[in-house]
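Shared chain: chain A. Partners: chain B in the first complex, chain C in the second.
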Partner chain A sequence: MAEANASRPTKANATSRQDQKQADAITGLTLVAPAVIIFVVFLIVPLIMALYFSFTNWSGTRPLDQPDAYEFVGFDNYERWVVDGRRVDDFYRAVRNTVYYVIGVVPIQTALALVLAVIVNQKWLRAKSFFRTAFYFPSITSSIVVSFIFLFMFSTGGPINAVLDAIVPNYENIAWTTNNDGIFHLLIGNFGITEDTVGLWAEAEIFDIEVWDWIAGPSVALTTIMALAVWTTTGTLMVVYLAALQGIPSSVYEAAEIDGASGFEMFRGITLPLLAPTTFFVITVGLIGTFQVFDQIYVLQNDQTARTTTSVAYLVYATAFEGTSPNLAEASAIAIVLFIIIFIATILQRTFVGGDQANT
Partner chain B sequence: MTNQTSQSSEGMSTLRRILGILGFGFLIFFAIVQITPFVLTIANSFKCDAAVENRPMPFIPTFNTVSCRDDAGEFISADEQVNGIFFNPSLDGYRRILTDQLPRWTFNTAFLSIVVTILRLIFDSAAGYSLARLNYVGNRAIFFLILGTMMIPGVVLLIPRFLLLKEMGLLNTYQGYIIVLSVDAFGILLMKQFFESIPKEIEEAAMVDGASRFTIFARIVLPMATPALTALTIFSFQGNWNNFMDALIILGGNADLYNLPLGLTILRGSGQDIQYDLVLAGSVITTLPMAVIFLFFQRYFVEGVSYSGLKG
Partner chain C sequence: MLNRVRLIVAVALLATIASLTVAQDDPIVVRVWTGSSSPVENEFKETQVAAFEEANPDIDIDLLISPDYGTQIRAAFASGDYPEVFTVGQFDFPTWQNDGLLALGNDNIENADDIYAGLRDAFSADGNLYCPAKDFSNLALLYNIDAFEAAGIDLPTEDWTWDDMFAAAEATTTEEMVGFSAAADKFRWMAFFYANGAELFDEDGAVAFDSDVAIESLEFYQSFVTEGFGALPGDLNAGWNGEAFGQGSAAMTIEGNWAIGYLNDTFPDLNWGVAELPIAPSGERGTLTFAECWAVSSRAEGDLADAAWRVANFFTNEEGATQVAEAGFGVMPARTSVGSLWLETIGEQYSAFVDGAEYAIAPIFPLGFADFDAAANEATQLVMTGEEDVADALEEAAEVAREIQEEME
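And now, the complex of A and B:
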């Protein structure tokens, strides 16, 4: 490298440029090598392994080095869980729970984060940093801690029931974390609508689950977990929105004000469109995170609520490691299906929310 | 005409004022919702089981500490601990978890978080610089490979990683946890983006002086990247301090190696009979170090989030 000297003749310059190029390549590959090796060994290889084992009948108990440890069974695992086998109801119950969770959490946390950010960004607001700290605080701690806090807050004798007891007349304690009733069922039940009154269609089954149960809505227990997710994530997303809002030059608003635009018109005509990339990002992160919900379910689920709170991600874990007959091959198949679901959801969102503008 | 305009603008400003008050009220309400659970968690971590569900819920401790068991070894009743909004704090929950494995778990958490963070700072910045500045065959391919790995849900990797580490003899070891988490795609992309924003002229000048690429990276570019490295440190430390799923899979078989989140789930026990004093005391101890770091380095947390828009 020392001979790379600008005052050398042209020919030597060309060789030194060649040398430089080669040296760059060696340095570059050396610097990137640890990352690539670890990614290949612990991300790419495992992904291929998951795919591979999903086509076998290996339960995980027989040692892999034995010649008859497992056989290839084609799509059997997928069929058993996803198409029309004996575990299909377990799988689609988890899908239903996860979809309710995603549909409930993502729009609420996104909208709430946006509204809070817009208010915090107002010029007249004092103590901005206090609010930012307060909103962000829940996201600094572990999802396990947050789940315990909610377990306590929503326990039958806990603070939430105490507050409701104080303000609602004749309030009866709700067992938030153990209640399996779907909130749509409860809602229409108030008007006397039950499975017996709606007609026979409710008893029809799709993937071994009654239509009536498909439309139950998230159970009270799952709704509690959804509230937890919103509570934890909104603050972080608000900070993301706030940063984007601060990036919008005030001259844009001043110009609009001169043109006589109202506050709401400015919000709809300027703020929202300029925030589109941020919104895309916030929704993408939200989708990927909520589709994989695991930690909170691990803590807040119990035997009573397994049917209405198990998420697909938790189902993968439970199938692989819990119960009387754990099965790694079947769990791998469910994991691959979840991968595909998340992939499709992200693509759909890209189409509908307009990800082309996103720069993240 | 003029009159009308001023009237309407007066109406506007009244409307604005009302909206402002409503907005401010909303912020206050939401701040209370965000903070109250932590206050109640801390207060109740000092109560004996019987007093946890007492109503009204006292949250102001007195200076008289009590023991949860009386001289005869019986649990004290809620009335013996609670008086209106005041309560006599008990340290029993903390005492019990601290004589148990909690100190060990705290050490594990700190150790793993620090080691993983240091490795990420090295590997992520090295890879980030390589991808940002050095030309070689495969540079783009490697970039897209790393970007692509961000699409892989953690759950998919759960089982095969478990198998792989088992085969390698790294299951239930510190090394297993450390090696799997020692690089992250998010950190590499963060560093790459930062390095790209540094003007090339600075490096070119150093090259004319005969410095090698590696020297330039280590001596010139890396010190300039302090903001990105700070963000990476915070995300990485926080992410690992709070990491549950990887700890569950990789360290779940040896209680001596648990980190705090994993240990907490054991404290909880099974079934509905939850010992809140233990669980809440454990939650406070788990959160405390992150809370202190957050309050001191708040600016970097917020900058980091807005910088990247992503949480570890």
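And now, the complex of A and C:
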């Protein structure tokens, strides 16, 4: 039909084809319109507004219809928080906490999700749906509720310490939720290495934070929050892996079996490569999610641990809504910087973790 | 065709006239917004509104009790379309006042002199009172009577000094209990700060946050922890002072009257009392106050403004304060004339909270000093977790304030 039209074009045919194209376009646009409108209104517009207000001094409360609602201050907000202003130490401390959090959580939750998915995908496993539900359960529970349960479990006199006390001889209760000591500091402290013994370089300051503090590692309190995060998100990622696993045709495994491949060889040679696109997805989602960690921090931090547990996303919230003079413009600036950090991290990950494979 | 146009015009005219006449009889609608607190308190707010509407048939109140008040009202402010009457916390007051959101109170407020002086200061700017305080809370010293008796020492008295308090903490410290639960919160130790005669700024406006009396007050607060007779609530297996005190991990702590309901509900067997904070080496007492006010929107004009002030006054005048007192939940009525009535409702044993109102200070950092506020938080945390000594920490915070002052000039 198309060939016939092409070989002998007539005016009528051309018009009707054009009509058809137009109609298709309209149908297509109509079908994607709801998604596009939602995307633009709730994501693109707020993003542009945040960018816009980050260059102003708008407090967030002064009515925007007033002529003096705000003034443009250029890069002042960025300078104050990110370059060399009074709040750079707060910002970079939050960056440090967040980076430790990401580095700790993403690999563990990805590996754990994969292992769990492979286990619950085994044919010989009984009560499969029980395990699947059990692993997935933390993900569908409200993170605020889960955080409170963790707070109870990890409290100084709570079940975790009680269990450890029963198992470990001479165990001294650990203040899981309030200890500010970095775990790297604690580790090297065992070998007698402290700030006083390592030399003067440790006292040098980068962005108003001592090098020694940069390399502290996540604090005990932050590590507890990281454990919570791994526990809650692994289930979701496991389901993603599970769906991908079930998409691998069994004939591939059967062929490998005939060739005499062992279980581990099949896992390494078939499962892992075929799951690469899924792994890329899981790591990307994990990176973005962990860089934006907020609710667990909101519940689990307190005055004692604020300095070692505040994440960048939490800092955005605190700057916009807490304290004596909340400031939405400054919060927007931090949020934009966070956006840039996540953007760069995702691109790096795409380059190094095989985003190209994901595309094929 | 022409007839039809005439008909439409006539109908439209009639409708306009009709709506105008109806409008005159229609009550004025005043939007009232506040944050959600305990169910009892929310119910009380609804009763107050109902009572107002019954007494004032010409005004209708459109009440919103928001569970996320801070965010919701800020969004409303930004849009420029915000309620006529709303609550303002003391820490938001400087910003909101400066943003021009609040109508000037002064003569619109009924019998303002009856409101506690500290609360008038908290809601004043440049000598003008903007909004009448709704209710407030003060810090006081909570003590565990059983712990004091077990240690064989006297309960806190009228003339208790800092040294007496420290000695009591030492005496009541046992294996299971420390003498004092000391949160790493500047809005606890600063009660001692003000008692000792310290100030954020001295009379000349110079930063005095690291003055000797200031250092002395934080050193005293910290000494409970460093000497082993006190601990941070987190280390006592508690989320806050009140919990540590309630579960018997601390013999004393500093909290406000919001702890009354919590302690009596959650720990009914706890045998506790409350005293005014002890006398500082300066010979004075001090405590911190936390309050909210009912403000009227600067955008309400004419009849609407009058109606809005009638609503705000109804909630806060002597009658309104009497209702707060008789409702008898945690917060205290903001007027001196009804303090005793509140005690009658809630119990005379809590008189220390009311007595503190005489000298209480609302610890508000002035506009533009947000970084100083943050630095003061950090200083408190560093000192209480033992990471820095008091003089250095306070000096660092004070330096921030001095830097801001220089920039402002």
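One rule holds in what follows: the second predicted complex is superposed on the first by the 312 of 360 C-alpha atoms of A that agree within 3 Å, B and C clash if a C-alpha of one lies under 4 Å from a C-alpha of the other, contacts with A are read in each partner's own complex, and residues count from 1 in each chain.
As a convention for this text, a contact is a pair of C-beta atoms (placed from the backbone, for glycine too) under 8 Å apart; a residue touches a chain by one contact, two chains touch by 3 or more.
Note that the coordinates shown come from a computational prediction; the quantities given were computed from them, not determined experimentally.
Looking at the superposed arrangement, the partner reaching more residues of chain A, out of chain B and chain C, is B. Of the two partner chains, neither chain B nor chain C is touched by A:Pro249. Once chain A of one complex is fitted onto chain A of the other, the partner contacts of A:Thr61 are limited to chain C, with no touch recorded for chain B. Contacts of A:Tyr317 after superposition: chain B is touched, whereas chain C is not reached.
By the touch criterion stated above, A:Gly157 is placed in contact with chain B and with chain C alike. Using the contact criterion defined above for the overlaid structures, shared-chain residue A:Asn180 touches chain C, although it does not reach chain B. Applying the stated contact rule after C-alpha superposition, one finds that A:Pro107 touches neither chain B nor chain C. Of the two partner chains, both chain B and chain C are touched by A:Asn302. Where the contact sets of chain A with chain B and with chain C meet, they give residues 64, 151, 155-158, 178, 302. Residues 1-2, 4-6, 20-21, 23-25, 27-29, 31-32, 34-36, 38-39, 41-47, 49-50, 53, 64, 115-116, 119-120, 122, 124-125, 129-145, 148-153, 155-159, 162, 165, 178, 231, 235-236, 239-240, 242-244, 262-263, 278, 281-282, 285, 288, 291-292, 294-295, 298-299, 302, 312-313, 316-317, 320, 328, 331-332, 335-336, 338-339, 342-343, 346, 360 of chain A are the ones that touch chain B when the two sit in their complex. Contact residues of chain C toward chain A in the complex are 70-71, 74, 77-80, 82, 91, 94-96, 99-101, 183-185, 232, 234-237, 239, 364-365, 367-371, 373-374, 377-378, 380-382, 384-385, 387, 400, 403. Note for the complex: chain A touches chain C at residues 59-66, 86-87, 90, 151, 155-158, 175, 177-178, 180, 302-307, 321, 323-327.
Those residues of chain B lying in contact with chain A across their complex are 12, 16, 19-20, 23-24, 26-27, 30-31, 33-38, 40-41, 44, 52-53, 55-57, 123-124, 126-127, 129-131, 133-139, 142, 145-146, 149, 151-164, 167, 179-180, 182-183, 185, 188, 207-208, 210, 212-214, 217, 238, 241-245, 248, 260-262, 264-265, 268, 271-272, 274, 276, 279-280, 282-283, 286-287, 290-291, 294-295, 298, 301-302, 305-307, 309-311.
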